[in-house]
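Input: structures, listed below.
Both of the next two complexes hold chain A, though its partner changes from chain B to chain C.
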Partner chain A sequence: MNVTRRQTFVIGAGAVAFATLGASITPALSASDTEKIIADFIGGKEPVSGKVKLKTPEIAENGNTVPISFTVDSPMTEDNYVASVLVVAAGNPFPPVATFNFSAMSGKAEASTRIRLATTQDILAYAKMNDGSVFLDKKNVKVTIGGCGG
Partner chain B sequence: MFTRRDFLQWAAVTASITGFSGSLTKVAAQQKLTQDDLLKFDSKGQVTLLHVTDIHGQLKPLYFRPPSENYGVGAFEGIPPHLVAEDFLKHFNIDNGTPLAYAHTMVDYVNMAKTYGRLGGLDRTATLIKAIRGDRGDDKVLLLDGGDTWQGSYTSLKTNGQDMVDCMAMLKPDAMVGHWEFTFGAERVLEIIDQMDYPFLAGNIVDNDFEEPVFESTKIFEKGGVKVAVIGQAMPYTPIANPRWMFPEWSFGIRPEVLQENVDKARAAGAEVVVLLSHNGFDVDQKLPTVVSGIDVILTGHTHDAVPEAIRIGTTLVLSSGSHGKFLGRIDLEIKGGKVVDYNSTLIPVFSDIIEADTEMAAKIDDVRAPYEAECQRVIGKSEGLLYRRGNFNGTWDDLICQGLIEERDAEISLSPGFRWGTTLLPGQDITIDDLYTQTSMNYPSVYRLEMTGETLNNILEDVCDNLFNKDPFLQQGGDMVRVGGMGYTVRPKEEIGSRISDMVHLKTGEPIEASKSYVVAGWASVNEGTQGPAIYDLMETYITRLKSIPQLENNTIKVVGM
Partner chain C sequence: MAKDKVKPRVKVPKKAAKGDVITIKTLISHKMETGRRKDRKTGEFIPRKIINHFKAEYNGAEVFSANLEPSVSANPYFKFSVKVMESGTFKFTWTDDDGSVYTSEKKIAVQ
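And then the complex of A and B:
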């Protein structure tokens, strides 16, 4: 299964927003498939926290379309820029959400999108720098049945 | 903070009531405590903040029994607001049998209620506000409405909240925020805001498409020569706890980063004091100052906690002024060089038999209620026992509703939402339409009847329980546990989601609830659009009318473990 091709977007300058990726026709990925996608992305480096900042709601208002965004702290110069960011929804049947590719020309490394979340789960953002180092941020998003507050 | 002087005076008032057993007459109690006693306060500084919140449509004085359980978990266990009864009295150094003990706890509730009478009534609150404005000077006082104002009564339902809007306008508040307001629908909310002479502030609401602000976030006032910024924070989980389809364009959330920006902007614009008018709930607002800096005062609502003085979280003061018009919150601030250097705070219990009604407001209340008064007063039954709602797991009003749902819809199990609004009836009181609607007045009242598996029921209980007992307050939505009829269970609040609920049992048969088996369930207040069924208030009117007299209800079907 060629996941990366379907899931990869090349990002131009500045921030972009785009619609949810449908994964309904794709069979659920096994945990090892997801691990392999992450392993391929990080290329043997140990992800460390910092630089990348993921923003998610604490509780999803609508699990079918959850707004998420990330920013990566980087000067975005030819020598020092964010190469790509992999977003993973660990608890979805199809965890890899998207890979965002950047270049020094992008100016800044940030993006926002909306994703569907099947259940309460961790969202992970892996940011790979041009030198191959990888940074990670993780946020838990709760998906509730709702309706009893007040 | 209660001044020692206030305490002494109130204690003196109550010295003769030591060993209280209900023998003291109401007249005697009233003669002891006066309106002036209630207004006594050690004023401070240049600014007085007055706070009303979660009035829930209650224009008239009422009984409201405080909860007998209000558990906190994690870092919030055993501290305010999670103290009840004797623990509460001990913590705040309040003597048993005193007016304050009655206002804040359910200890000896029925006797105390008979002695000290009803609390609240917007005409009484108007008197207090006028007196404080007169004493301090209008130029020093800000009146802030924490929301959940427009919903909760027969007349608020029939007038689409207009009764409350008109009466509140007479109090001349400086700003308000909202939660149940949104259940009148986005269009109606905007229509009312258009009529209001004061701003509806909500910095944490953005439109779904571009995440741009929908409402003003901040208003800066000049009071006592000090620039005071008031920032509004609507109930963050309104689209989850209430039907999102009623305001589909709007997204809420705590949004601490947006709040920090708004605080910083207010400071940059010269604000010397920053006040957050919040509908977050008490525990969310206990955590908030640890992630957002620069807020001097949080006036908090939503969780209906009445805490007799402001608590301090770092340099932030948090005042929680109760609900249903029972209390008027007051906090005075002395500001020097852009900093709060001294303060004094209190909740004034609105004892309706002691405080003189403001005649203008009383006339207005009569006026807005007039077309509905006869219907409001219509008696549909009588309560032999105490009917109340508040409690983490059940209240007798909800026990009655759960019973009505099962019998009127021929269900095996019933579910009723864990709302915290709704008044109390004493044993022997008539049940009127007015009383019924304090428990059921809402715009999504349909009673559904459908089959649910045991697994689904378990998931619902676990889900709601986590809204109440998640150790991270930012994940708490603020209601109580969903009420259940026809089924018993054991709950362990300190466990994690998925491990709190056990021993679910079908009460009628005594059999354990089976995960794969289907049960007929009736419930109301579904957040799903297009829910079919009779309105809860109609169903309960039929049920109560049929029963005529409601016996004292006991509920021993929920076992709480580990608290």
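And then the complex of A and C:
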């Protein structure tokens, strides 16, 4: 019952409901805003799959804390390192999750954190190298109980 | 809400060999109020209050940082790596939406 309601919320009236309810505080980000954030991050490059590896659980029972981690294949030297990684949860009311900035001193381009997921959705990780090239990985996570209030 | 204590916890190895890539874990207790949750009694939205930035510096140079959005879980946790070449001090800084800054420092001896 709960799930049906959430699904209806997200798929059907989602956009409208969020727009009216959340008007004054943190409004849901529209698809075009999200696209713009991603476009700004990748800077006109076409993301290629490979190098970045996203690790997520296949099924998240509790959407409030979903552990995710990623690694990017890079030597991490002064002239060849991962500049930053953008994690996007496409199905959240506010899809951009976090941007991680690395430096040549990071040694390894990897990080773990915990995120909120509103519903079953794709998680995307964009990794930007210091030369501007962008790599992408995508994982689907099934969420039993959503974690974004609502 | 004012009584919520924000307490950073950091795990850094005490010793390392030169050139080692060490793993650092950080956790800070924080509600990460998304701004989309409603107060059950009044039905009004609880204003957004999250940690929006995290930064790790090593001897003054930024080695890792992250911009956080409301989709990061409560009590934001990070695990990341740093390559250490010399002894020094790590400084971790969390910035709150309300302007508060929480910091923590750890020393490491590198041989």
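As a working rule, the second predicted complex is superposed on the first by the 119 of 150 C-alpha atoms of A that agree within 3 Å, B and C clash if a C-alpha of one lies under 4 Å from a C-alpha of the other, contacts with A are read in each partner's own complex, and residues count from 1 in each chain.
Rule of thumb we're sticking to: a contact is a pair of C-beta atoms (placed from the backbone, for glycine too) under 8 Å apart; a residue touches a chain by one contact, two chains touch by 3 or more.
These numbers were taken from a predicted model, which means no experiment stands behind them.
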Just checking: does A:S103 make contact with chain B only, chain C only, both, or neither of them? Give me first, second, both or neither. second
So in the superposed three-chain picture, is A:S133 touching just chain B, just chain C, both, or none of them (first/second/both/neither)? neither
Contact-wise, after the overlay, does A:I145 reach chain B, chain C, both or neither (first, second, both, neither)? first
Touch test for A:I59: chain B only (first), chain C only (second), both, or neither? first
In the superposed model, which partner reaches more residues of chain A, chain B or chain C? C
Identify the residues of chain A that lie in both the chain B contact region and the chain C contact region. 147-150
Can you list the residues on chain C that touch chain A in the complex? 21-22, 34-38, 45, 47-48, 58, 61-83
In their shared complex, chain C is touched by residues of chain A numbered 21-22, 24-26, 28, 64-66, 69, 76, 89, 92-103, 105-108, 110-117, 147-150
Considering only the defined contacts, which chain B positions touch chain A in the complex? 179-180, 211, 235, 237, 239-242, 244, 251-254, 257, 417-421, 459-460, 463-464, 466-467, 474-475, 477-479, 481-482, 497, 525-527
Residues of chain A that touch chain B when the two form their complex: 55, 57-59, 61-62, 67, 120, 142, 144-150
